[in-house]
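Multiple structures are listed underneath, in structure tokens.
Heads up, the next two complexes both have subunit A, just with different partners, subunit B and then subunit C.
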Partner chain A sequence: MSYLFRKLAQTNPKNRIHDAQIFVISCRKLSIVPSLYDGEQDPAPKFFSSNVQVMLKRLTRPDYNKVFRKRTNQGLTILKTPSYKFLTNEELEVELANAKKKAEKLLQMPPVVKIQKHIDDVLSKDPALIGYDTAKYLFTDITFGVANEHRFIIERDPDGILRSCDHDVRKRLNQTYFPMNGRKLREPLMFTDQEKLYSLLDREKYEFVLDRACVQYEPDEPSYQKITSITYQHIDTLSKYELLRSTRHFGPLVFYLTWHQSIDNLILELLQNSAVRDAVLLTALRQDLHGDVVNGESLPSLVHQVLATPIQLTKPECLTEEDIQLDSKCLKCIEKYIKTNSSMKSQQELALQGFRENYKQLIELSRGLQKAHGKA
Partner chain B sequence: MSLPPASGTGRYFARAAKSIRLIRHGCTNRPFFHISVTQRKRTNAQPVIEQLGSYDPMPNVNNEKLVALNLERIKYWLGKGAHVSTPVAELFGLAGFFPIHPRSYMTAWRNRRTERENLAKLENEKAKETTA
Partner chain C sequence: MATKILTLGNILSRPINFLLKQNNVNSNLKTNFSTTTVACVNFFNKLPAEKLWKSVTSVSNAGAKKGRGKGAGRIRIRDLNRGQVIGVGKVNILWPGLSAPVIRGRELLRQQRLPEDPERLEKLIKIRDSMIKFRRLKLSPIERGWSGSKLPGRSIGPPDKIGEDEFTGFDTKVLQLRALLIMKGSLGRTRNYQAMVVTGNGQGLAGFGFGKAKEAPAALRKAKNRAGQKLMHFEIYNGHTINHDFYTAFGKTKIFVQKKNEGYGLVCHRAIKEICQAIGIKDLRAKVEGSNNLQHLVKAFFIGLLQQKTHQQLAEEKKLHLVEYKSENAYFPKVIASPSEVRTKEQIPKDETLDFTQYVMNDKVILKKKKFPRFYESMPHYKIFLRKYEKYRNHEKIRLNLKVEYGEVKSFLTDKYPEKNEQEA
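Our next item is the complex of A and B:
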């Protein structure tokens, strides 16, 4: 956009746009400062701990219609016709279990790890080799059956020093000799060109960006963490969480927001969609990572109760007494959280108030129904 | 022309002498070498026993020369008593797999000498220009 304006200003002398004006236009974009996992603390042990994984998977709220949707027909010459079968109950259960396994595989989260360190490992110094060649020699061990990260890749510099290669060279050579499907030798323009990345984000192609970043980069690369961080923050500012739900990127998104202490917007969205239980899970996650939630000791038992209930994809239409009890507990917990820990108090309280009113009606309705059925 | 498999198509005689050498596979003005093990009496145009790596002598855009070595198989053939040709031994030396070949030191030393001479020549010319 700004480029177009500048072009106009250059080509048409009558159309005079002042420099200041051009500057304002070019700065119109959201300027997001990416924050990486480069601090003292390593996120990996927390991310891979079983209770955090369970919570993240639960917060993903997998909707199988979305998980198994057709994304492209690339590679399929002919579209398969769906097959319909008559199944007994037992056979149906088996099929459902298979589908669940497949979904788990599709929803496996990309790992969240600390940023990589430079490899600075000098193997030998031989000043007598200075002047042997003006080019570097890169040696790759292509022995069969060695993993990419364990492969010997070393370089002989023109000054006679033999050293291990750094990560970028290692990645390039691994890709040269053992190409990975979908990964490009040169970084795609959508990642290197800021303008192109932001145009994708503005069109809400979050999943595409994240999927491609997953293929192109390793999870501990700075560029991967930079791009995902920008994407997550973009989603967070626009509250477009729904686009990533039931994809494998939702877990890392939640983890990122919690790790960098900015879950308030997500909690607001959850409350507005009356998912109090998920909000409780989120506070429990914060307690797990930072331990700064008031009365955090009571959270694990509540989380245990919440995890025992089935996932609510839509708003419930009828409530049992246990549901009401659990939800009231969750409500109390969230109220406390908003009072003490939240930085968006007024908005969240408003959302909570709206939820409460809705919920009251729902309770009355379900109790009335029970009475009408003669069960209460 | 499709390339033979890395396991090679050359006939294998257990007792005959083997040699690990560079086999030129590029085209005109574009050298590219396979590092292969072959019977010592065979010419480079004949089928090899096994390919052990590759060597690209032309620097790429980043000014690097790429060498690939299948160290496991190289060790196997060395254990079988294969002879190593000088250019390959030089590469192994640079990779830190062998001790550095004397010819590498010689080349380095000669290159340094020519560079020194060129510099001296340039300085002489400059001195002449300033005096004249």
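Our next item is the complex of A and C:
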């Protein structure tokens, strides 16, 4: 039988193509199962709480060179000649403060909220109107200045029921009357076609996918949460966190991973890049969201100390005594975390060991330097 | 001139005809046969071709000095025998033993008339014309200079190596090649050639040189080697442009040079463009005012480049931070140079120029000419055009969007009314 089939495949070229396609599809990694924020608990209050926001922003590690990098979507068809200014110290500080404000705006995180509920709100039933027409009637209040989510949009069904519209119809009508720049009435192919989405992810165009999803969808839409979830998991499995750092999507990524109890890979990456302080912040975030970290009571004070220090974009070359004290505290904390809470113990311990050895050398070097300068 | 040549050609080919005709006449009039020679005495059969041609093409000594008999209108000597074969003529006759073998196979060939070849004369004329057409030296577009095969703007290779040291990666461009005429007591007016070239490796190293000689190639060689000896190093900002705008002058030549963004290109005088390419500058704008003297221009530009300051120097001079703003980086203030000590606002005098461009241009301002509306914009047809095409202004975008959504230009109505499509097809 199998021989027969093979022969058939050989003789019929169409069949052969079909076989090949099946093979390609089976090769694709379609194993990611999106997990949405659809449980009992609402993530919004946690996400918007001030200490979580601060920690997420800190974990984003904003590097201004990347935040203000050249983008292809700025609408600049040609480059412009740069301008130069002579500035005093005070003027420079003002300028930098302005730039910081601009950066905060660029780094504003897309909100993480619970998935939307269906609107099933019957306003009136008029049996007298049954069969008045074959089509639905939609009524939209297009008063200027009303927010899209509060706009009055209702439908009259042919069976005489007057009801509020569901989210998909609301979105369509809102987009028709008050079009949002960049949003399409139809979902773009890259989101509807699984194949295309995965090809983008395989090419590591994570930021593009997330940015476009932000424009196309509302944060409480199931499709948005599905796409972001797939993207985050893709990043997590490949440990490509660096691609999202200094962008507005890193906070939601960390929140997603913490919420779904899968931060071990991220902690491993942090330890390998000797960012112990960030690892402590991450454990504190977990403590905030789930409260299952051992000796979590001591974490807030440590987090406070860490937040007081400036952001380390690169590995430090010289250490002060306070740095050493803080780092040793962080080390102890992480050690405890790995022993009790981690599911990737051996790898993380190995990474920690590597970090410790490097750190020892660094301590010796910086102490030697200070001695040589006659300061200690 | 052309008609002259044609008539000459006719006359030259005529005697043969005369002879032929005479022969025919003689054969017909058998009764009046005489052996007296016909005295056809004109200079065509008295003088050799060489002398005849000389009489047409020669130019007097005084005329030659003025440049007569040169260039496009010049008469050239043509070899009228070219393309002609003995035994083959206007009347196509087979002459056994002359234009054909006597015996072909086992057959004895006889003199006979063949059908006429209509293209024979055309071919002959074509061959003759090919001898007189003035042909310019053809160069490939890559090798061409500023103006065809003229030397200015052309590349003449790297300078000759000195001992063991080779000029690898260098290329030399000719900027100027001209004849200098000098009167001498014994020799009269003599010619000297002067060349100005620029050589560089495209990575910041460049120099220019002059050369004088009796012959052009020698002048070029001298200039090239001298340029190789006078190399200067220039800093290239971010590998594509100059450090800052500057004003420079030499003699009556003034140049305003502006730093430009990546991808702007070289918008300047052709000589400045060649210099920039030799140095490795890719983006810049230069406006020349005053005299266009090429040597002054080159000197002024090199002086200007050399007098540039580094950003650190500028910051130190001003005792202020130098900050760069780029539109593509959302105008993020990037500090590119900081002085050792910074002045406060109170320490800066009121009348000091703080504007960067004004400071580096030495308070010179480039004249910006007013841009007038284009000539057709005030005409009525332009208004009609605008009104007419207003409704089409978004069609291109819509078409693109339809292609994205449906894969072709169609709308939601196409499925509903398929007959419309069929009609069109």
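By our rule, the second predicted complex is superposed on the first by the 344 of 376 C-alpha atoms of A that agree within 3 Å, B and C clash if a C-alpha of one lies under 4 Å from a C-alpha of the other, contacts with A are read in each partner's own complex, and residues count from 1 in each chain.
The criterion applied here is as follows: contacts are C-beta pairs under 8 Å (C-beta built on N, C-alpha and C of every residue); 3 or more make two chains touch, one makes a residue touch a chain.
Remember, it's a predicted structure, so these values are computed and weren't measured experimentally.
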item: Partner chain in contact with A:Tyr177 - subunit B first, subunit C second, else both or neither; value: first
item: Which of subunit B and subunit C A:Leu92 touches, first, second, both or neither; value: second
item: Partner chain(s) touched by A:Phe139 [first = subunit B, second = subunit C, both, neither]; value: first
item: Which of subunit B and subunit C A:Lys66 touches, first, second, both or neither; value: neither
item: Touching partner for A:Ser83 - first (subunit B), second (subunit C), both, neither; value: second
item: Partner chain(s) touched by A:Lys101 [first = subunit B, second = subunit C, both, neither]; value: neither
item: Subunit B versus subunit C as contact partner of A:Lys196, first or second or both or neither; value: neither
item: Residues on subunit A lying within both footprints (that of subunit B and that of subunit C); value: none
item: Subunit A residues within the subunit C interface of the complex; value: 64, 68-71, 74, 76, 78-92, 95-96, 99, 102, 106, 186, 189
item: Sites on subunit A touched by subunit B in the complex; value: 123-124, 126, 128-144, 152, 154-156, 160, 162, 173, 176-177
item: Contact set on subunit C toward subunit A in their complex; value: 244, 258-264, 315, 318, 320-330, 332-333, 335, 342-345, 348, 354, 356-357, 359, 404-405
item: Residues of subunit B touching subunit A in the complex; value: 53, 59, 62-73, 91, 94-96, 100, 104-105, 107-109, 111-112, 115
